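To start, the structure itself, in structure tokens.
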Amino acid sequence: MSESPSSTSPVTDAFSWPTRVYWEDTDAGGVVYHAQYVAFLERARSEWMRARGQMQEQLRLEHDLVFVVRAMQLDFLKPARLDDLLKVSVAVKQVKRASIVFAQSIWRDDQRLLTAEVKVAAVSATAFRPVGLDEALYEEFKLLEVPTTL
Amino acid sequence: MSESPSSTSPVTDAFSWPTRVYWEDTDAGGVVYHAQYVAFLERARSEWMRARGQMQEQLRLEHDLVFVVRAMQLDFLKPARLDDLLKVSVAVKQVKRASIVFAQSIWRDDQRLLTAEVKVAAVSATAFRPVGLDEALYEEFKLLEVPTTL
Amino acid sequence: MSESPSSTSPVTDAFSWPTRVYWEDTDAGGVVYHAQYVAFLERARSEWMRARGQMQEQLRLEHDLVFVVRAMQLDFLKPARLDDLLKVSVAVKQVKRASIVFAQSIWRDDQRLLTAEVKVAAVSATAFRPVGLDEALYEEFKLLEVPTTL
Amino acid sequence: MSESPSSTSPVTDAFSWPTRVYWEDTDAGGVVYHAQYVAFLERARSEWMRARGQMQEQLRLEHDLVFVVRAMQLDFLKPARLDDLLKVSVAVKQVKRASIVFAQSIWRDDQRLLTAEVKVAAVSATAFRPVGLDEALYEEFKLLEVPTTL
């Protein structure tokens, strides 16, 4: 009776991106190779940025800016397999001047396969020195901050 | 005036699959890492099979059958870059009892970046012995054979 | 005068494995793609097991056993670049019946580029159910446990 | 009766580089993912260049020069598996002003698993325009040309 809606439709509120599992993603254990989930998480963050109008190649070439991953906590709950259609969610957990923390999950239907917390920072593309977010980007991301337990 | 339609809309006739370029696909040269195109080609062949109702994971687990690549000729014409949205085409060039030859191309808009000829064979998933295509699969693929120069 | 030897030659005590950075490991940012460090960590754990006489392919085929990663905490300190020769260290932090926690680092000369804590569990290769370590493996790994701050 | 020495020790004459197969290299078919052999071939070419004193990162940063793959013919003879220790050979088949053709093979003990012919060209790292080999590099590589059937 008090079933939370979020348990049956877990990714409606957050941004999520579909990802199909191909041969290249799997290993001889018959499941997705664990490091490949890390790439899946980034694909979704890239699409989340694209949906906001931030083209990363443009940021790199025109503004000498790239986002780099500073820290990452991953929990692998269940394996994904060849041909699975996954959904990778992206939510902004915390925005600071020099970094953003994302809360992400990977789902197959309503099964959560992985949770992650990913801290990224903006750096100069050529020198790899921290540069902080510019004001516009900071304000935009700050608005998206949600107190999430995703 | 006599512009061929195929030069402006090159992939209308063949099956094609969209592929976005992410950080994971690129290398320090600033372009897509050359081996990654080989994976892009397979994603498109997998989707081509899926569109025909052939689920590879099902073939592997229920029929002990996987398709393996036997030979491949690749020509790299132009590089793809981060954020590019590519199209990967698939056409059946030749079907034999023991193998299929695909003609594939990778496009960015109307620019062809890569052409490939890929020969695959059906093998037993457990023993990796050639098993040939079964009659139904052979007939289905034979019908799709096109004298292509793609 | 009281310089700890471990600060100048940091990986002498722990097992470590050399890894060269190739084009495939880098991305368009000019540095190693972040998910690739996760693979580097596993190469070193595989070699650590091999050095102990545990062949993973044999464990999978003969004992239906594979180790899977359950959780991982990664801190990315500095980027690695093409041609770098890295060292990846492996130390056993904690051994339980159902899991092992490794402390790992990636070094370039005496610069630490990454630290990781990796929790793995033994599962049945076919069913992916937790099976725990067998007694011999448990005892062997237990002896290697070190109170490390690596 | 006149067993050729080259059949029992096939890679003595050419440069060859050892490569271990890790989980990351395999796929759900239980063998090495086919695109990964393409990366193995490049690792060996990189080491071949390093053995000649040509550091690619230096060529890129100081001379704005990278080698790119223009064309590739691959024949996949037998699969490699997890834990296999492979040898990847490199021989110079043909050197021209604008390109080099390598003949490469991948071996496990005295079994040949793959043969490849790989054509590379020197391009400007920033503009990706063909620049040809400089005279010193051309002369050095020309001397290494061998009429090989490897």
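Order as written gives the chain letters A, B, C and D; numbering starts at 1 within each chain.
Assume a residue touches a chain if its C-beta (ideal position, glycine included) is under 8 Å from a C-beta of that chain, and two chains touch if they have at least 3 such contacts.
Predicted model, so just to flag it, every value in this text is computed and none were measured.
Distance between Cα centroids is largest for the pairing of chain D with A. Residue numbering shows that chain C and chain D use the same positions for more than half of their mutual interface.
The interface with the greater number of C-beta contacts, when B-D is set against B-C, is B-D. If you average the Cα atoms of chain B and of chain C, the two centres end up 36 Å apart. Chain C and chain D have CA centres that are 29 Å apart.
Averaging C-alpha coordinates per chain places the centre of chain B 24 Å away from that of chain D.
Annotation for chain D: residues touching 2 or more other chains are 23-24, 28-31, 33, 35, 39, 42, 57, 60, 81-82. Against chain C, the residues of chain D that register as touching in their complex are 20, 22-24, 39, 42-43, 46-47, 50, 55-58, 60, 81-83.
On the side of chain C, the complex with chain A involves touching residues 28-31, 33-36, 38-39, 42, 57, 60, 66, 68-76, 79, 125, 128. Partner chain B is touched in their complex by these residues of chain C: 23-24, 26-31, 33, 35, 81-82.
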